[in-house]
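Chain naming follows the written order as A, B and C, and within any one chain the residues start at number 1.
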């Protein structure tokens, strides 16, 4: 008797493909490490808000690994703390976008017909508009509440998610095994949860991973215009803006926050690309 | 393939067609290239709202207006003493109520028309017309008899207001009460300029602001220069006015004022050789310039105060002991030396020192020990039990750094945990206006070189008070000073007023301003003075 | 096709209406009106301002009046030749600005929009040239070091923000090397650094899209046929593959234009370019109601038009698509 072939569910296949993609894997590891550092690091490191006027703008050294900023605050701890904020904004805003997008897209795809056509037309129209402009307006007019920032950015990014989900739902709906399931008499809820959702999950995961860096970039953009996170809180965007202004004299103020920010974006993008290749997802529209 | 792309490309180009309409003229060549033509390029901060001297109130506007117009009285840039401007001499009546100005002979507007005393009368009339609503009209109606009533609508006949043209070269001004600093006020305020009323009338009603008379090519003035070019948010260029009475002594041919809101970009422009003088300098660059370009760095004392305003209606700030404690717990020396680094002076009193011979004697003293004692006496030993205190400031890097530093100092020295609130400019101003703040950062630049210009702000009812604090004794001294017989007496009254401010601390003085900017060594005829007045007619390039 | 275009324009009208209404009312309900200034505004001044800007009318009347001013009433596109005078050409009146009362929003737009359009156009061109080149090389030399290099460069463009790249470029090329001026928009050379910075991000996306699109097309049967028939690689790429491979790039152009318009805010700030983007951010901060409304409407209209153009081009290029 021949050996039974190892199980070949789409998930294990994908996982195997992902493991072989070294770039994506390293991206994933970097992200996890960074998240751990930012979550727990500030508990052990120096204070991020203590001002030491005598230590103004010292270059990287033994006492302060990445140097100090213009008011003598330790840059390393500020980067860790800023990372908390930036990553939080990234994840939460993406989560908001996810919820809105998945719900909208799933309803549109599942219901079909004219409702679907209308909903997608709305998405098409909204897609074309310069939403960053509206985020700016919202931040200027309604104050720089960080929760508003989450909501505003999330509200901008849900459109792609909605499209992807709807496309997937449509494709899956027509697949044969769904017809088979229906023929077998499975209830609607069972079909949705046992069959449709697992198949939609793939692209959703991919695009979630790719939305996070886009959101973080938007946050940094808004902070550069002075409308984002406010002191004494600090995000990577604020640190970069600060560093960009002073980079001539105090290069470390730009290089380290900018480097870590870019590293995070790289990792997330590589991971997302890897996931996309692994799950063999094809974008309907980019 | 080309065939297929052609119509698409045409459509594409059609959308971008308007971009061809962009006019991109380079301004004149840098002055360094052709020394025969003197062109000064100056950074000027924010874009002016308008160039009508009666319709604006800002500093960037003023810098340009002083090139286009001249007043009755000029300020000498070396000692700030009032000297002859368009008026070559004046007489003051013994009771100090009537000033008679004698205009120079053969003064002309930049379009050749003669300037007469009547022009001044019509200008002041426009300035005080209620419908025109000049924002700085108070600079006239606070002092000139009948002007207040005319402006607020109680008086309809302008001839009853204290301005009179005795003849075409003589202007008489009658005051409500003796105003010892009137000449300084006139010399420092563009609200007292004459405007070419006949020209303005050609562009619309005299009562309307923002007509086209201020555009390049239309604007007529009486100063050393005339408006040549105005590209909004880019550049305002003025060139020499041949009709100016002193044109022979004006050395510059052209001045280009660049709108430079972004300080970092302005500094780049200066270093790249695009500017000869900057408006300001970013904080982070001060040390660099000290080290590497000390001859181009300029730190001039400035008649201004940076302070924190306390809303005395909000506990715990209604207790003056708390306010004094907060004031004393700030380490100003460290703040100035380590955070600001712009050569500013720590302020322990409200009035500027060495202000036209006046230096306040009363000073905040006692340091942190006294602060702790006061706080305990007020019922909050070690800061315990103190209701939350919030510092409001408008979005600017330096305000943020100062606020964060002071927040730290209060925490460390007093155990007081203050929160910070950052709003952008408009919201911040609105919050102050409506009393929606506890402590707000503020700054005040004196209108003219006299202690009056500072102390008048804390009189009850003054629009800039906004602390809801008042003191009848303070107000009494204020009015007494105006009728003091000698300057020494007047200054004594001011000393007492300063003492009240130090005792009650409705505002917490932090430091006295300096003007920090970069200036090329080629720029001459430029003297540092506490009012940052640099009359353009004396400036030239080497 | 005409029907398609007309239908899109019709669809755009309610969208614009919602945008205008939303922005109009949003601005009125926030703290800090346009006239909050450091010296208290006296009642006389306030009355004068209210009259000039019609602020004393009831809100609904202000809204209706404003809509009326905005509606295109005329059609003289020849007036556009002297300058972007929207009032003369189409009867659209954006009214005076609040911050600069001596200027109407039409005037400010006429001065600044061409600058932004130029910046956008050149940046997009840079993005296309750079992106297509990188993408083609990466696809053709798939999985070699050239591919990794080009993809790496592309990834860098996505991950390094413009407000980091911009100052770095200024530092190296303007301040240390003196090849360009640090800011301003006076001579054509001033456009190099800003357009490079702004274009880099979109070059990156275009490179990735081109690579992806080309790879998909290159795997198809008709390409294999062409190869079997002995066509050279270059001919294959340029005559056969590129047309199909470019489709995702063309569809990306719509959002790319929107992105370049928004990205211009930061670029115009860094390089002090007198464009509409910087004006917009300032006007929002200054509560310059009319200016904000004018800019938002303009941007929305521009992008809708741009998307329409892109959709039309897409159908032209790809016979499989149809005007739905």
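The rule we apply is simple: contacts are C-beta pairs under 8 Å (C-beta built on N, C-alpha and C of every residue); 3 or more make two chains touch, one makes a residue touch a chain.
Predicted, not measured: the structure shown is a model, and the values here were computed from it.
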Whose C-alpha centre lies nearest the centre of all protein C-alpha atoms?
C
Which chain pair shares more contacting C-beta pairs: A-C, or B-C?
B-C
Euclidean distance of C-alpha centroids - chain A vs chain B, Å:
47
Based only on mean CA positions, could you tell me how far chain A sits from chain C in angstrom?
24
Nearest whole angstrom, what separates the Cα centre of chain B from the Cα centre of chain C?
38
Going by the contact rule already set, what residues in chain A reach two or more other chains?
140, 245, 248
By the touch rule stated above, which residues of chain C touch at least two different other chains?
175, 269, 285
Check: chain B positions touching at least 2 other chains come out as 424
Within the complex, chain B is touched by chain C residues 31-34, 36-42, 44-49, 52, 80-84, 96, 99-103, 108, 111-115, 117-118, 121, 170, 174-175, 178, 181-188, 239, 243, 269-272, 274, 278-279, 282, 285-287, 305-306, 309, 312-313, 316-317
Under the touch definition given earlier, write down the residues of chain B that touch chain A in their complex.
264, 282-285, 287-288, 334, 338-339, 395, 397, 400-401, 404-405, 407-408, 420, 422, 424
Across the complex, what residues on chain C touch chain A?
11-12, 15, 19, 23, 26-27, 30, 155-156, 158-161, 163-164, 167-168, 171, 175, 209, 248, 251-252, 254-255, 258, 261-262, 265-266, 269, 280-281, 284-285, 292, 296, 299-300, 303-304, 307
Under the definition above, what is the set of chain B residues touching chain C in their complex?
1, 4, 7-8, 11-12, 15-22, 24-27, 47, 49-50, 57, 130-135, 137-138, 151-152, 208-212, 214-215, 231-234, 260-262, 265, 268-269, 271-272, 274, 424-431, 433, 463-464
Chain A residues within the chain B interface of the complex:
49-51, 53-54, 56, 70-72, 140, 144, 226, 230-232, 245-246, 248-250
